[in-house]
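You will see two complexes here that share subunit A, one where it goes with subunit B and one where it goes with subunit C.
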Partner chain A sequence: MSEAARVSGPDLGHGHPYPGVSLAALAEGSKPSASASLKLLPATARLVFRGREAAIGPAGEAFGVALPREACRFNTNGTRSVLWLGPDEWILLAPGEGPAPLFAAIETATAGLPHALVDVSSRSVAFDLSGPKAGFVLNQGNPLDLSLDAFPVGMCTRTVFAKSEIVLRRTAPDSFVVDVWRSFAPYVWQLLEEARRGA
Partner chain B sequence: MLIINCPYCGERPEIEFRYGGEAHIARPADPSALSDAEWTDFLYNRTNPKGKHAERWRHIHGCGRYFNAVRDTVSDFFVTTYKTGEARPDIEESAR
Partner chain C sequence: MTGAFRTASGGRIDRSKPVAFTFDGQHLSGFSGDTLASALIANGIHLTGRSFKYHRPRGILSAGTDEPNALVGVGRDEAHYAPNLRATQVELYEGLKAESQNRWPSLKFDAGAVNDLASPLLPSGFYYKTFMWPAKAWTKFYEPKIRAMAGLGRAPEAPDADRYSQHYAHCDVLVVGSGPAGLAAALAAAASGVKVMLVDEQPEMGGSLLASRDASIDGKPAQQWLADALAELSAADNVTLMTRTTAFGYFPHNMIALAERVTEHVAVPDPELPRERLWQVRAKEVVLATGALERPLVFPDNDRPGVMLADSGRTYANRYGAKPGKRAVIFTACDAGYRSALDLAAAGVEIAAIADLRRNPAGELPAKALAAGIEVRPSTAVTGTSGRLRVSGAALTKMGEYDFGATQQIACDVLLMSGGFTPSVHLFSQSRGKLAFDPVLNCYVPGTSVERERSAGASRGLFELGAALEDGYAKGADAAKAAKGAKAPARAFAAQAPRLGTDGHIGATPHNRNPAFAKAFVDWQNDVTAKDIKLATREGFRSIEHIKRYTTTGMATDQGKTSNMNALGIVSDALKTPVPQIGLTTFRPPFTPTTFGIFAGAARGELFDPARQTAIHGWAAEQGAIFEDVGNWKRALYFPRGNEGMHEAVARECRAVRSAVGIFDASTLGKIEIVGPDAAEFMNRMYTNAWAKLEPGRLRYGVMLREDGFVMDDGVVGRMAPDRFHVTTTTGGAPRVLAHMEDYLQTEWPDLDVWLTSTTEQWSVIAVQGPLARQVLRPLLEGIDLSKEAMPHMSVREGTILGIPTRVFSVSFTGELGFEVNVPSEHGRKVWEAIYASGQKFGITPYGTETMHVLRAEKGYIIVGQETDGTATPDDVNLGWAVGKAKKDFVGKRALARASMSAPDRKQLVGLFTVEPQTVLEEGAQVVADPKAPVPVPMLGHVTSSYHSSVLGRSIALAVIKGGRGRIGQKLFVPMPDRVIEVEVTEPVFYDPKGERFDV
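Right, the complex of A and B next:
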């Protein structure tokens, strides 16, 4: 890593994982590439929903995107997406929105039904990795088969990247979104940058 | 890398999973009625077989769910996996 990437100071930008490395500075220094480009995505409202059968439908209606019932799939409507994370667990994403109105709407729709709704908007940051070699770059730290047959567009899963847990989804044949916990973000970013050099 | 078949997510690499100890151990319904020896047995004593072993696994870096697996402790071969709450399958029938 170059010394220029080691920026310290009060402006810790989008994520402030640990003193000395600013994710915003890393993102600014990232050069686009024909094989795979890495981009920091803007802030997103993130809600984790866990619930039993009765609450699943109303939660989807209130959010405007049905909760996917098939394992490891996500649904999108406009800018909003819902990702299946487990048999009774979903993450609801609304880029560029505030979590409070969504939270209130879903809580109203599911009042009295067994469920848990948690605002985790600040917990993670998202990267977009796009290009014909995006899968190759991810495979430098992730053991999944990322061919289109095994990991089609519309698939999402929690998995690992090197020593960090990530939520990965494929938005287009050549595009992935990596959602990573904030404090792990510079680690994952720098490893992805390293992997891009070989792509 | 060892591939483990998660009952919810399908076949995934071993690195996404964590071991959870022996399966099908029920907590006694009335612990205070047990002798110390019986309680010790529940807490600590496991079968530790050489061969097919029913054990809990958790897909911690995936769906996060616990499930059960029958694994051969000699060859490390996963004979089968099944959801928590389901009965232990007949090992001889399911052996490949």
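Right, the complex of A and C next:
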């Protein structure tokens, strides 16, 4: 109901025009690069699953991808993936699908078992960053060791890019997916573009 | 012309590539591979600057990072201008434009040099002693004048046009410095198979080997061995070599900061490349092979252009093919001076004499010098120099057992000095390692480590080539083993180089000059003389930390690289106290001055901070909305039409909502989905309200307290199902509230079967508010009956809008009938536009946060953070009704039971009417009972919100006032700087107090 504190009163004229940045326009204007190309990924069904032990197996069965039990790893089956984000938290991804049937199927399979399933399909958008310099580009805003030993294919984690939280996963030796909350997406995209210069 | 002072051949410059540059407008030429300093020296130029305080003419003292004098401004234009660069590190490129600093009108004739004549009036601490009165004159007059006179370079006036980037990297072994020890360390670590980074601040790897003339390693000339070693390292795919990269900071847990200069040395830089890169390297193990710096000798007139460090003179001749002069005098306290003499003689410089402080120089190098026919004078000190803008002669005085002997003037155009070497322990010291004093070498060496690092070679006092190589290899192997348990193969180095011995000198050298007038410089950059330091000790200073600050020795941009040990020696001598008891000042990052740009990186302008936009932002921007910053969000503040200002626009928007319908983007509200069998129990514990009986499909306004009983956040909560709540929070409070809840869940109540998921960005929230809201929405919604009976105030329904799933709340933050349409944010704009179109025939008006604020204030709704300040209880802000008195417990309940939390004189939320209805109070203004009371006037409280209300035709304000509810009807006063405003205390609900407009 209520709102955050404002910095100043009504007489101070603290406003300003702000045309804003459209992610679609940014993506359209992005130049391909052999060393690190940046692509906006299409809409994806995203479900957060959290719950007790008993619900974990049935949820994975209903989704068709087992929920990984190893920290910071993701499982994939066909187009669908499940990312481990915490000891009792996973995110289920189904690119190109609508969330409703998946939601219903998992709820049916886990009925009566303590858990929480929440549709967050719209919460974030995802970018693919691919090429031999992808890690070099990401390391301009992300402090993790992105060498293949330390961050192998199949690894995922919630981390940061500059001042934004992201979920990062490595889908191939030279390919990463950056999942970022929608309102932070233009910021992260523009910084990635800046980092791609000269890469 | 490529320089009259070039050697005939040799050096690492490329004589096939001449490079044109200018210095103070003078057109000169050097070669590719030159630094600005070496090119100037090759052109016979030593005079490069004026000193900081006395404006004395100064020349190039060194050949590296330790240069205190030759600071220049470089840049093709104002937007690319960098002041205070060390000419010894500026690489020459075609068209380089450099200028000297701190001189006016010109380098050769500088008006500020009058300071030198006045120097008896400028003793150490003169700032503190002289400019005492009047106090105001310090900021207005003295400081600006002193700063202008005692300056370094000027700051550029145009914004920096260059780009900078920041990078993180990881490695097993980081080796800092690529001299003999660093190279050997990198070879060992590389052979162990671990991931190695070798960094060096110079354009070429090799350190001291780059200036080597006659040393050999493994039977090869040292420079050939260097080329082979670098080839070996380059070929290894586990090794990263980085030149032009300064390790400038050593931070906890082996985080090393590197500054890489990428395009600084290029005439036409690739626009895609940044000027510099900041590297933050997390290294498992570190080898510090940072080498050593030569110590100058502190003798009278030792600052004349042409007076240089001996090993730097040798570097210019051997590495750059630039002769520092035609006829040299060497003043030395160690064998290194002889090595310089021999190398300069080989380059064709006449050696007039070597003055050696020692009685009996007997090493291998002195013997070679004698054999080469160079005149060696033991027990001899240089006690003065002559010349104005360049040294023209040196006074050599024989030292007897008890007194001084004869003085002889010897003509020379360069004077080289060597007091021995000081290990570069800067990074070790930054890592909080403990230094140990080595009484043989008269210097500090690394002692006990704190971080996972080890020093190698000259940086720990091993100055001989063979010892440095052996030590470096051992340390590299040790680091690889510590990082990964890897083993390096055994390797030995057969090094042949003349031995340097361990002699040296710290402190001032003896002289027979009048001590009142002789200027023997300790710190060239800050113009501190031996006399200044002695004066400080006479005035009672004992600790080197105090002496440093009083005299400013070691406080310049070179951080005392050349001066610290000599200052210690002088203090030790004056106080008759051994050096280790005087202490050592702290080495702080950065090792060398670092650009601001590197710390900003890409975080400039639009990318300084994330500017969060809602899905509807583009629409609002197209409508000409004015935005405000709320946290990182951009929120539409108001939507001006035509020439409207904010007041007109807000008044119009308010009227539209009260009389017809308005549309508002509330997407930034924080949202949390709380799901699980224990969701209601969890809500009961987190909020003051009772939740168990809230039926699915209903909304409730919830208040959340901190443990101390004060209001933390509020928001409307919808119960979607028995085990599912849709919680909203304030815009700014969302992350804090989620963390607060998750904290309790994980640490206090892990037994509860309930989970939290942030859905702030899942939903776009479109508020449709006003008496006609139902008519606007009704045609668009499917599966939701909006009628008063089916969907009463404070209920929630699920259905679809344009086929898109939606959760519609019947809720009002305006006091009017209202709905909030939640849709997945990828469809937010589409749904917004559909609602806006549907509302056209009802005059739907988009409104911004300012109108929202006015409308809620008319209804007396609080804003957490505006009406509350972290010390307000629910009752203080009239929310006592929201506290479930019958509840067993909730966060903050115990605290609310404290007596002071219900004291009658607590500040309570009330309304204020100004007696003059058009006066709008200032938010934050204090409220008093008697403005004429003696100062300090007792304060009753303050204005928290204040607006002009168009529906009431007058101003309104909310305030928190001590015992406010008991004062309703009273007159109080708001004192302002120019007048006192009389106000009447009122109920805080100004409009529709019975709430009849919700259900129209």
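Convention: the second predicted complex is superposed on the first by the 180 of 199 C-alpha atoms of A that agree within 3 Å, B and C clash if a C-alpha of one lies under 4 Å from a C-alpha of the other, contacts with A are read in each partner's own complex, and residues count from 1 in each chain.
Basically, a contact is a pair of C-beta atoms (placed from the backbone, for glycine too) under 8 Å apart; a residue touches a chain by one contact, two chains touch by 3 or more.
Here the structure is a predicted model, which is why all the values come from computation and not from measurement.
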Subunit B versus subunit C, judged by how many residues of subunit A each one touches: C
Partner chain(s) touched by A:Cys72 [first = subunit B, second = subunit C, both, neither]: first
Which superposed partner A:Leu85 touches (first subunit B, second subunit C, both, neither): first
Partner chain(s) touched by A:Leu144 [first = subunit B, second = subunit C, both, neither]: both
Touched partner set for A:Val160, first subunit B, second subunit C, both or neither: first
Interface residues of subunit A shared between complexes with subunit B and subunit C: 89, 143-144
Complex contact set, residues of subunit C against subunit A: 163, 165-170, 195, 270, 272-274, 280, 282, 601-603, 606-607, 609-615, 617-618, 621, 624-631, 633-634, 637-638, 646-647, 650, 673, 675-677, 701, 714-716, 728, 730-733, 753-755, 757-763, 805, 811, 813, 824-827, 849-850, 852-854, 856, 861-866, 920, 922-924, 946-948
Touching residues (chain side subunit B, partner subunit A) in the complex: 1, 8-10, 12-13, 15-16, 61-65
Partner subunit B, residues of subunit A touching it in the complex: 71-72, 85-87, 89, 143-144, 157-160, 165
Residue ranges of subunit A in contact with subunit C within the complex: 1-7, 9-11, 13-22, 43, 48, 50-52, 88-89, 100, 114-124, 136, 139-145, 147, 150, 162-164, 181-184, 186-188, 190-191, 194-195, 197-198
